[in-house]
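This is the structure I want to talk about, given as structure tokens.
For clarity, chains are labelled A, B, C and D in written order, and residue numbers in each chain start from 1.
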Amino acid sequence: MSFPLLTATAVVPAVGAVATAAVPAARRAAAKWLALGFSLATLVLAAVQLVRFDPDAAGPFQLTESHAWIKDFGVRYELGVDGIAVVLIALTALLIPFIVLAGWHDADPLEGASPNWRWRPTQGFFALILMVEAMVVISFEATDVFLFYLFFEAMLIPMYFLIGGFGDRAGERSEEETAAQRSYAAVKFLLYNLAGGLIMMAAVIGLYAVTADQLGMGTFSLQEIVQARADGRLDLAPAAERSLFLGFFFAFAVKAPLWPLHTWLPNAMGEATAPVAVLITAVVDKVGTFAMLRFCLQLFPEASKWATPVIVALALVSIVYGALLAVGQRDIKRLVAYASISHFGFIVLGIFAMTTQGQGGATLYMVNHGISTAALMLVAGFLISRRGSRLIADYGGVQKVAPVLAGTFLVGGLATLSLPGLAPFVSEFLVLVGTFSRYPAAGIIATVGIVLAALYVLVLYQRTMTGPVKDGVRGMPDLRVRELAVVAPLIALLLFLGVYPKPLTEIIDPAVGHTMSQVEKSDPKPDVPVNEAEAAK
Amino acid sequence: MENLIGLLVAAPLLGAAVLLCGGRRLDRSGPWVGTLLAAVSFALAVALFADMLGRSGEERTLTTTVFSWVPVGGFRADVGFQLDQLSMTFVLLITGVGTLIHLYSVGYMEHDERRRRFFGYLNLFLAAMLLLVVAGNYLLLYVGWEGVGLASYLLIGFWQHKPSAATAAKKAFLVNRVGDMGLSIAIMLMFTTFGTFAFGPVLEGAGQAGEGKLTAVGLMLLLAACGKSAQVPLQSWLGDAMEGPTPVSALIHAATMVTAGVYLITRSGALFDAAPTAQTAVVTVGAVTLLFGAIVGCAKDDIKKALAGSTMSQIGYMILAAGLGPVGYVFAIMHLVTHGFFKAGLFLGAGSVMHGMNDEVDMRRYGGLRKYMPVTFVTFGLGYLAIIGFPGLSGFFSKDKIIEAAFAKGGTEGWILGGAALLGAGITAFYMTRVMLMTFFGERRWQPDADGNAPHPHESPKTMTVPMVILAFGSVFAGGLFAVNDTFLKWLEPVTGHAHGNPPVSALTVTAATMVVLVLGVALAWARYGRKPVPVTAPRGSWLTRAARRDLLQDDFNHIVLVRGGEHLTRSLVYVDHTLVDGVVNGTAASVGGLSGRMRRLQNGYARSYAVSMFGGAAVLIAATLLMRAV
Amino acid sequence: MNTAATATSTGEAVQFWILGIVAVAGALATVLMKKSVHSALSLAGTMIVLAVFYLANGAYFLGIVQIVVYTGAIMMLFLFVVMLVGVTAADSLKETLKGQRWLAGLCALGFGILLIAGIGNASLKEFTGLGQANSGGNVEGLAALVFTKYVFAFEITGALLITAAVGAMVLTHRERTERAVTQRELAERRVRSGKQVPPLPAPGVYARHNAVDVPGLLPDGTPSELTVNPTLRARGQIRDVSGTALRELAALEQRAQEWREHGRSEDAKGAGK
Amino acid sequence: MNPVNYLYLAALLFTIGATGVLLRRNAIVVFMCVELMLNACNLAFVTFSRLHGNLDGQIIAFFTMVVAAAEVVIGLAIIVTIFRSRHSASVDDANLLKL
């Protein structure tokens, strides 16, 4: 058998996590470098995947690995990537090094903190990040529902500790208060996602029961179930399919997060350090939206179609609601969090628009949103680390003292409001077009989100960066080399993908086509078809 | 030749990249680098122009596809350019005026330590604007469309330390976003209707599509145009945009960007011709705006704001013309070009005046400046004559044609539109004369400001005067050049098409009427501001004046309805999110906690009560076994 | 003889019914008696009855062991501990845990009923007596089993017993960490503490009442706590004498008064003659 | 009479003993009640061995006694130690389990 590339991609960071954790407490720097090294190694492996992946291959999944695991329950260790997964894995592997680099000092002993708050487990911080990476990667790769579920849930544990264990400097608040807020956020995150996960588990078991009942031997394998449905050996009663679908969707909607299950995100992103916040919104949450595409649509196509109107409505609410709340925020990180909620609304909208543009756009959106949010949030984190406050009101006139910081912040913001020429525009427009061509009204409502996005981004920029220089801001240092090394590549990437997203779309397109065929949906035809030759002109 | 088009855009883009990422080492050389790259793209434009003249009317259109941008399913967006006479006209205007204004800025901004970035932004604007006009499909046009929006945001807010500037910039971007929403919806509609949004197929297929859809597209495009070109009801940003440095006002908010709406409508002419309802909407907007702008222009004491009002009104003319269909397209563009010259000139003049009066903008504190800055006076004067449509100058030709075309619409509609246009001409004459008189004539009215340094007016440096002179030439001769044996008409006709309208009254009558109105306007202005001295502090004025000073209360409306309403909405939503959505969850958590608190009582730590439960358990077990045996 | 019988001899029946009642009474007494000593004694009674039942059931060895080991050894051990621990507040039958009594009663009722029901519907109509099993003698039979079939269990219980013995010693043994306090030091401590320097007052008031359970009276006639042993006080075995003592005093004085008056009149008479 | 009555008696005694365990606070009395329960079991065993005509039941009873003896020794020792430390033989006072 060939080299198990997918397993390797997941194992390397896991090993890295262990190794990092094993570094003796005295050698903090070593741990950091080790973590960085392993994350880069993972990036290399992900790149190899991207290269080895052949967009035009026949089967839905490639680089597959399959071993029996728990025979009695038909659980298999089944890995495989389609165009969507491989791109998202690449995104994850790409972001982690930046997250590590950006969080370089986030777990150092707190200067100026009272003795019992000073110490923080540096090794643990980086080990946990790598652990999360490993779990995210494998849940992108898993084509066995049980395997996926396992890591989808296990992810919560390291995330819980990352959120609850490490936060910003207390600033004006007392350490006790910050710690209390942090643990509240962490527990909220855990409870929300556990609730979703448990409901999903019920659905997973239900799925197993159904397959065991109809196929004789129960199975969790995605391909097998899809195949069985295709040739009619497995046919779910509508009621059963719908309840199973809801079970899965609920978990993913919590993770995504979709209105009204969103309230954990602002707390989590607000209290966690900026890199961890990026980890949450740019990496972990993507698993939710990704799983909607891979599991909800492919396992339960009928139910998906049945649920579409409601989900589209919820997505629209998320878009507008998230944006409006972002406008109303006083706290930079919470603002970004609500902006993300709005963006996740777009992603879900694209997925359930059931058009090639919508789903392709949604997938692209996951990547672009990851990068743009990372850029914005990390710069925001640098800003906050300088002033020690998350309140917008504490800033003003930063561009006067730290122009580069302000500039990068603006670029991140412009990406967030999806300015043409930057990556997010492409995906957002695709989602809009895809939605519009099936649900014009929804498309138009979603477009309102564009205006609101401009509103909250520009308000944030104006309040923090422009105007007269505030006292706390005076003498603020500009971006350091390390920070620039984090932001510059991200911005470069945003520009590149904005101008030339073809490499990604080429990989995503066939996978989306396959998903669409699973759902047995095809794009609506234009009224006045213009032949391709002319269109290309 | 085709790949030159790419370079056309690339040159200023490169400039922007270099200047913005270049760092401090470019601080000194920066301005010249920017100007140079602008000049380069102008040279390219000229080369393309020459090449285009080389070919005959029909195959003058150049189309090229650089690379496939976003191919997803049936959705094919290419980065492709289309350069025909229409875009050529714009390219020349943009690069030409752009270069001049770069040159002007070298002098105007020389004391600003952030001028490197300023030129970077200017180049960025040029790139975006060029992309807008040479784009081969609507999506790429959209990119340029938002790009210019961004550039104007950056430039209006260039003096970010002034809160007013930052706010104005934000306002401009937001209002434009509303317009952009229209454009993106229009593009989506095109995609669902035609399956593509490349100019060629869409405009050719326009005939086959249902009128309802076309009307929708048209209205959406109009919305976009309103946003970008500051037409009612989205005009509110233009006045505040004057917070930006004057060269910006000249380039972006007078000559080029604000005219993008006219370009969009003209470019989509085929769509509008098939959707009369949309056209009616367009002309209405145009007519309303041209009066609105003119009235506002009459009341403003801030010279730049007065000019901004005039810009609005002039663009109103263009939109009106464009709305008239084939009858008007050519004249819309023609007026656009001439306006580009004289309005840019006027703004540069205003800038030069402010430069000499250490950034005083209140015309009531000017007066009699003609002695101090002759060059500015002359160039400004020529621009003035041009805009009011003094016979023989460029404004005369273009505006006159538009008024004719408006009358030619026929029926009461024609009379209303024509009347509006005519009235507009009169008011234009009035407010421009007012500006002229208050600035350059009368006795000096400036006195020392708070910290006692009185302005001592002086002529501006060469880098500033030279462009003004050139633009003055343009504003004098351009119109005539275009008008003689319909050069411009022949030049544009292959693209826009043209239909000769036949006004109910002869052309001469219209011209005569225009002249009369013009004279009236000038005379009235002279009577009010020429004969008797101008009070330094503005008199209260009639209700109309007061309303006009406040942009006819349109801003107040926005503030009360949109801003306040929005704030309340968001606040209440934040509250809802915290109490309702989150409250439900926390409530559940609390109730569970309370329940378990009660359960906890069972663990009282007394061995005996545990024993009781054990004993009970045993009893239950026996019961169970017995039942098992029983059944 | 190994025939399945269905009924025992009438004599055994009579014995069962009489002694059974005694056993249940003893058990109840064990539970209900206020003083632990009484509980222990009634338990011992029950055990002896049980021993008799063992014998009646043909378990001769166990019967004897029951008497010797349980009643003889274990119960005595209990009594020792009772003496060691003495009397505590634990002896009161007043229930302190809320609802404990109801619950216990309920469970007990249900448990008992269910158990008896269980036995009831087990089909145990006839029984094979131990005649054959005990033919070689009961003790020999047991011994055979213990040393063959159950030898391991036997060994292990032996180990258990040793462990238990050692454990008990470990638990109850108290290492003397500090040196014993001498009389002198005690005396000094008492003087230093300052209260009750002289020896505690003796019990008893008058010569006729000097028993240990009679507290001494203070001048005002109230009994003094100090004069009686705390244990007696805890047990509430103090005879309350203050009242009687005073009454007797009063009576005595009155009698003395009467006698004086009477004597005087006698003299008067005598003088009158 | 049928020897089953012995079983009924055993059950009764066992229940009484259990109730005692639940009701009495004095550790020693509780212990006695435990012993009572053990004895009830022994009676049951002995009766069973008679019912089935083999001695295994008696063997079990025998072992029960041994274990009971060991248990009593240890148990009482514990009680004494507890009493030494807390001056009380009440099972309710040994309630460190309580939160």
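Keep this in mind: a contact is a pair of C-beta atoms (placed from the backbone, for glycine too) under 8 Å apart; a residue touches a chain by one contact, two chains touch by 3 or more.
To keep track of the chains, here are their UniProt names: A = NADH-quinone oxidoreductase subunit M; B = NADH-quinone oxidoreductase subunit L; C = NADH-quinone oxidoreductase subunit J; D = NADH-quinone oxidoreductase subunit K.
The model shown is predicted, which means the values in this text are computed figures rather than measured ones.
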Report summary line: Those chains that touch chain C and also touch chain B are D
**Report entry** B-D against C-D, pair bridged by the larger set of C-beta contacts
**Finding:** C-D
Query raised in the report: When the mean CA coordinate of each chain is compared with the mean CA coordinate of the whole protein, which chain is closest?
Result: A
Requested in this report: Starting from the mean Cα coordinates of chain A and chain C, work out the distance between those two points in Å.
Outcome: 76
Report summary line: CA centroids of chain B and chain D: separation to the nearest Å works out as 97
Query raised in the report: If you average the Cα atoms of chain C and of chain D to get two centres, how far apart are those centres in Å?
Result: 17
Requested in this report: Let me have the rounded angstrom distance from the C-alpha centre of chain A over to the C-alpha centre of chain D, please.
Outcome: 64
Report summary line: Residues in chain C with touches to at least two other chains are numbered 97, 100, 103-104, 107-108, 111, 115
Query raised in the report: Using the touch rule from the top of the page, what residues of chain B touch 2 or more other chains?
Result: 604, 606, 608, 612, 615
Report task. If two chains touch, include that pair; go through all of them. Result -> A-B, B-C, B-D, C-D
Requested in this report: Write out the stretch or stretches of chain B touching chain C in their complex.
Outcome: 604, 606, 608-609, 612, 615-616, 618-619, 622-623, 625-626, 629
Report summary line: Seen from chain B, its contact residues with chain A in the complex are 20, 63, 65, 67-76, 78-80, 136, 139, 142-143, 145-147, 150, 153, 157, 160-161, 163, 165-167, 169-170, 173-174, 177-178, 180-181, 184-185, 187-189, 191-196, 198, 200-202, 204-205, 208-210, 213, 566, 569-571, 573-574, 577, 581-582, 585, 589
Report summary line: chain C partner, complex, touching residues on chain D are 1-9, 11-20, 22-29, 31-33, 35-36, 39, 42-43, 46-47, 49-56, 58-59, 61-63, 65-74, 76-81, 83-84, 87-92
**Report entry** Complex interface listing, chain C residues touching chain B
**Finding:** 97, 100, 103-104, 106-108, 110-111, 114-115, 117-118, 121
Report summary line: Per the touch rule above, chain C residues touching chain D in the complex are 2, 6-8, 10, 12-13, 16, 20, 23-24, 27-28, 30-31, 36, 39-40, 43, 46-47, 50, 53-54, 57-59, 61-62, 65-66, 69-70, 73-74, 77-78, 81-82, 84-85, 88-93, 95-97, 100-101, 103-105, 107-108, 111-112, 115-116, 119, 124-125, 127-134, 138, 141-142, 145-146, 149-150, 153-154, 157, 160-161, 163-165, 167-168, 171-172, 174
